[in-house]
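Across the two complexes that follow, chain A remains constant while its partner is chain B and subsequently chain C.
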Partner chain A sequence: MKLYEYVLRRLALLVFVLLALAALIFYITRGLLPPAYALTQYVTPRMTSAERLILAQNLGVATSSCPSYAAFATSAKGCIVPLWGQFFGWLKTVLSGNWGYTVLPGYVAGTETTWNVFWVRFPYTAELAIGGTILTIAIAIPLGIVSATHANKAPDHASRVVAISGYSIPQFWFGYILQVVFVLYVALNGRGLLPVGGPLPTSCAICFANPGSVVTRTGFPVIDAILSGNFPYFWDSIVGLILPTVTLALTTIGALTRILRSSMVDALHQDYILLARSKGLRDRVVVYRHALRNALLPAITIAGLILAFLLGGVVVIEYVFDFPGVGQAAVLASTSFDLNFLELYVLVTAVIIVLTNLVVDVLYAKLDPRIRY
Partner chain B sequence: MTSQASVQRGSDHEVVLEVKGLKVSFHTYLGEVKALDGVDFEVKRGEVLGLVGESGCGKTVTALAIGGLLSDNAKVEAGQILLEGKDLLKETKDELRQTRLREVSFVFQDPMTFINPVLSVGSQIAEILESDKGFQAELVEYRIAELARAESKAGLTPAEVEEKRSLEGLKDKKLSKRSLRRLAKLRTLDYMRTVRLPDPERVYNMYPFELSGGMRQRVMIAMALVRRPKVLLADEITTALDVTVQAQVLRLLADLRGKIDASVVLITHDLGVVSEICDRVVVMYAGNVVEIADVEELFANPMHPYTQGLLASIPRPDVFTKEIKSISGSVPNLISPPSGCRFHPRCPKRFERCPLVKPPLIEVEPGHRVACLLYGG
Partner chain C sequence: MESKAGAEEAPKSGAMADLRYSLHLMSRNKLVLAGSVLAAGTILVALLAHVIVPASATVDDRAIRICWNNSLINWHIPSINVCPRPLPLGTDAYGRNLLLMIILAVPLDLSIALEIVASAVVIGLVFGSIAGYAGGIVDEAILRVTDIFFAVPGILLAIVLMTVLGRTIPNLTLAVLITWWPLYVRLIRSQVLSEKERPYVEALRAMGAGRFRILFRHVVPNSIYPLIVQSTLDIGSVILTVSTLVFLGFAPSNIATGQTPELGSLTSQGSQYIFSAPWLIIFPGLTILIISLGFNLLGDGLRDVFDPRLRR
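Right after this comes the complex of A and B.
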């Protein structure tokens, strides 16, 4: 099978994954709530009972034979469409692009659509998670290699301490400490060295004073800055990511380092390393060409999981650093019954996880010739 | 082969590698394992020397010690390993690496686990030539000679004429990375042909899992030969192979004898293999050399009781026996080895001095040395 055939086949499967997942989330959220909750995001306060009944019928929740809204609200017999029918009604509505208005706290009811709110917030979360993954890989891989080549010596012990503290320290606490240190105590010209976070740094000593104008094309501050050619804005958006990303990556750096260390130690004890050394190759070649290529395989699987883990785990960071991302909103959505927001959040996350797994599988096959797709 | 072997077996033959009084121990949680207890032997230029003994008798440890490849918990307590006069035990890590690169090469037992599974086999041979500037002149010279040969035979294409001119102009200057890679690949393909790998251009880009056991073993032999070593240490190279493939690999080794200048140390527990291609044999037991002799002499006149036991335990189709003979007892625990002669607890001919005195290796007949108190010492 060719590579592109494999990728296409996996992408086709993605459609089914999403459908199944959407149905599952629908069943868990809508199936356990009274049917009137289906209207939450579509109803306006001024609607009459008659209008509400028509809305419920249009959304595919109330049957066409339902006599009145009161009958629908009390779930009278023959008034409610069975759940699987509701699901298809919902699917029809959202696929036509109607995700309803957001009912999240902080938004004026009936002004912002759930779809818009999600996609304005999503880039911030994605930037954090991707930044965290890159930082994790950039630190954990060298650290893991050094720990393995100096197993049970000082560098290994040091990295073990870093790793274990990394996943033992609560993120909200560590983020708070970082803020206290870099924003309050380490100051330059009376301002904190690094910004607390938030959508755009407005008061930090090492950033440029005026970020200037940026055309929003993708919603990702970093990418928009590059597209607009606005270097100060780009710099600011990167600096703003430092503290949250470091906090985020702390846990995963430790995990990835230890996994790479153990697979690297394992690889270094294999017979093929003895042969490579017997060939008179330099240590550098033996470690990087012969051992690392084999040791990377398990580490890549974990690196893929890390992105997914960070996408979910970003909620705490968004709270601590006041980042306007989707994680924070998803928590609010679950308490304020913004059910469509939850669905969107779960589905987009699923798409990302499936795509990441696909990339991991392709990389795996590239690194290990024994694996066929 | 016999006539060739007898020519090479002259007693005045030059010694390439000499191991003297080598003692190696391993520090383990259970205690100190005295793996080698004074190993002495020498390898002559061009010969095939068999190093035989049971599992755990120290054959592999001896080989790894020669290459400086012992694990971290091993310690060389005493002895010398002289390669053309220079003591390998006194070399620094980097000098040892150079020695492994240019002078002493290894072929290991299991071609499945010893070849890196995720790199193409060709690149694993060529990387040796690419790794050191020292090979550059050799590669250029070799390619020029090859082109010259082609020229005298059938003439050259314009591209080849151009290549030859640029290579001749190069001589002492540095090769570009690309042409180094190309020359290394050409040389690799040539050696892949030498070890009779079929269709080298295709096999070059294949991975170990795509090759048969015999082909993998040939790849490893090509790795060992491509740098034209002085000594080739072949550690149980036929053990993991099917009998028919074993025969092919042995025939290859025998045929290569004339073509390569390397001396071969063939480590094996298989006396059949020894009788087929070795010139001389070193018999080891529990970290000691117990007997050294020419192969025909050893099979005709084994002196050490251990060697006698080994030979008697080979089943022979021409002699009817009810029971295959074996040496009673088992290989001793090397953390607390037997005193005196390490073989004495299992020896049918032991007498009262055996547990007391460690027998020295003495020459009983010309070229035939044995470490047994029955013969003096």
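Right after this comes the complex of A and C.
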């Protein structure tokens, strides 16, 4: 099979997985609840019942022969479209970008769409996840190399304990511990050293007192600050990311370290390493140019898994650090029953994860000449 | 694994020797030893919790809420409440002995985690071995279903499920289980796949053994070591996930408020007093860390002990 055939096959599979996931999420959020719930986020307070019936028919929940809204609301016979039919109605609605109005606290009912709320918050979460990825790679790769080159010696045992602790620590707890330490005990000029709440706090010693504001172009605070040339704002939004990112990356640092260590140990036992050493190559060249390059390949296959962990981890991190991203809103959406927000969150996350997996697999085939599809 | 395959037909002493050799390897590994002690301690505390803690300990005493009286730790917080009598870890927001509340919380968390891991193992054994052994379209179908669950962060799916189903403990167990079982299907499937190509399977087939007999009497038992490792590691991870969900409020109100102690909710209960009474957060969370660390160390060490490449 050629590479492009493989990519096409994978794309077909990708569409299938996303559709199946959409069906699963639809079943959970619509199928398990009475049909009237499907309307909650589309009605505005002033709608008459005749308008509500038309709405229900447009959304594909009520049949066109349904006589009145009252009949629909009581699930009268012949008024409700069968579930599989509702699924296609729902799919049509949401794929056209109509995710209804948000019912999250802080918004007047029927004024702000779920779609807008999600995409205003999403850049904050993306910055956290990207920061988490960078931190994971920056710490796990050196740690994995050291463990493998000193396998079963003191540095290996130490890094193993660090890695295992990393994925044994409750993130919500560690987030609070960092806050206690940096606010209560490590103080500068009587104020905490690092900001603890939100991406742009003003109550910290090394932050600027008033970073001013920036023009929102991309929605990403860090990028907008650069585009506006506002250095204090840039600095504050970077510093505001430090504690949440460290907390977020703990689990994935541990996981990647362990995986890199084992693939690196395997690589170091290969014949080509023996050959490289017997040629008299320096240790550094053997480790970095020969062993690491081969050991990194198995490690990048878990990129999708790491991303899934980071994108799920933000829920609790944003809650603990009062960070205005989508994860924090997911907890609010659950209490205020904003099901459309949760659906959108799940599906956007899934798209990111399956696309990452696809890119990783194609990259893997490109980088490793032994693999042919 | 080679030795285990032989042990199937070998006299009992062979299996015993194998077990003794495993125990010998375990006792030599310090991390496994530490993990075993922590895990065994957790199980012991969970079993004895209701014996150690008197029923009267759960009664509120608003007069002494959030106080500290343990001279070993000085918090350096100016306006701290001092308890009338010495208490190892102070009192919680209901005025109860925090140490006893943590002990009471352990059996709840551990039993939920064990239920989830045990159910996931059973589901994984059934579907994973069928997928691996049958192959073809059955394998493909089962794999594609697991793909769906790997495309979404588990905690997010659990939150959606609990939003719709309601915040109860059985629903919490179900929600986490639904996100966890695909991992075991994949694990067992790959084990069965590599195991079924081995010569002894061919020998059994030549002897006329039935498919199900070969699968469940021979192939699955020989694939058991990675399963033991993974489920030990997962007890730690599941306790983290469950306590995180409870911390976020996904539990019945008596548990979410910390009235009925659970490690995640004890932490969330303390989060309001983070700068005035940090012990409310530090100790319940530390307990989760210790329990999770115990099972993770044990699982990680068992992987080395059971690794056939390191065994000989």
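Throughout what follows, the second predicted complex is superposed on the first by the 336 of 373 C-alpha atoms of A that agree within 3 Å, B and C clash if a C-alpha of one lies under 4 Å from a C-alpha of the other, contacts with A are read in each partner's own complex, and residues count from 1 in each chain.
Convention: a contact is a pair of C-beta atoms (placed from the backbone, for glycine too) under 8 Å apart; a residue touches a chain by one contact, two chains touch by 3 or more.
As the structure is a computational prediction, the values presented were derived from the model and not from experiment.
Colleague: Clash or fit: chain B and chain C on chain A?
Modeller: After superposition on chain A, which the two structures share, chain B sits beside chain C with no clash.
Colleague: May I ask you to decide whether A:367 touches chain B, chain C, both, or neither, giving the answer as first, second, both or neither?
Modeller: In the superposition, A:367 touches chain B alone.
Colleague: Would you sort A:270 into first (chain B), second (chain C), both or neither based on which partner it touches?
Modeller: After superposing on A, A:270 lies in contact with chain B but is clear of chain C.
Colleague: Counting only touches as set out at the top, which of chain B and chain C does A:285 meet: first, second, both, neither?
Modeller: first
Colleague: For A:11, using the defined touch cut-off, is the partner it touches chain B, chain C, both, or neither? Pick first, second, both or neither.
Modeller: Touch status of A:11: no partner.
Colleague: After superposition on the shared chain, which partner residues are touched by A:293: those of chain B (first), chain C (second), both, or neither?
Modeller: First partner only.
Colleague: Which of the two, chain B or chain C, is in touch with more residues of chain A?
Modeller: C
Colleague: Compute the least Cα distance separating chain B from chain C in the superposition and give it as a whole number of Å.
Modeller: Least C-alpha distance: 9 Å.
Colleague: Hey, which residues of chain A end up touching chain B in the complex?
Modeller: Touching chain B: residues 270-272, 274-282, 285, 289-290, 293-294, 367-370 of chain A.
Colleague: Taking the touch rule as given, give the residues of chain C at its contact with chain A in the complex, in rising order.
Modeller: 31, 76-77, 144-145, 147-148, 150-157, 159-165, 236-237, 240, 243-244, 247-250, 264, 267-268, 271, 274-275, 278, 281-282, 284-286, 288-289, 292-293, 296-297, 300
Colleague: Using the touch definition from the top, list the residues of chain B that touch chain A in their complex.
Modeller: Residue positions touching the partner: 67, 69, 97-102, 105-106, 108, 110, 113-120, 127-128, 131-132, 207, 209, 220, 223, 227.
Colleague: In their complex, what parts of chain A are in touch with chain C?
Modeller: 13, 16-18, 20-21, 24-25, 28-29, 32-33, 157, 160-161, 164-165, 167-174, 176-177, 179-180, 183-185, 258, 304-305, 308-309, 311-313, 315-316, 319-320, 330-331, 333-335, 337, 339, 342-343, 345-346, 349-350, 353-354
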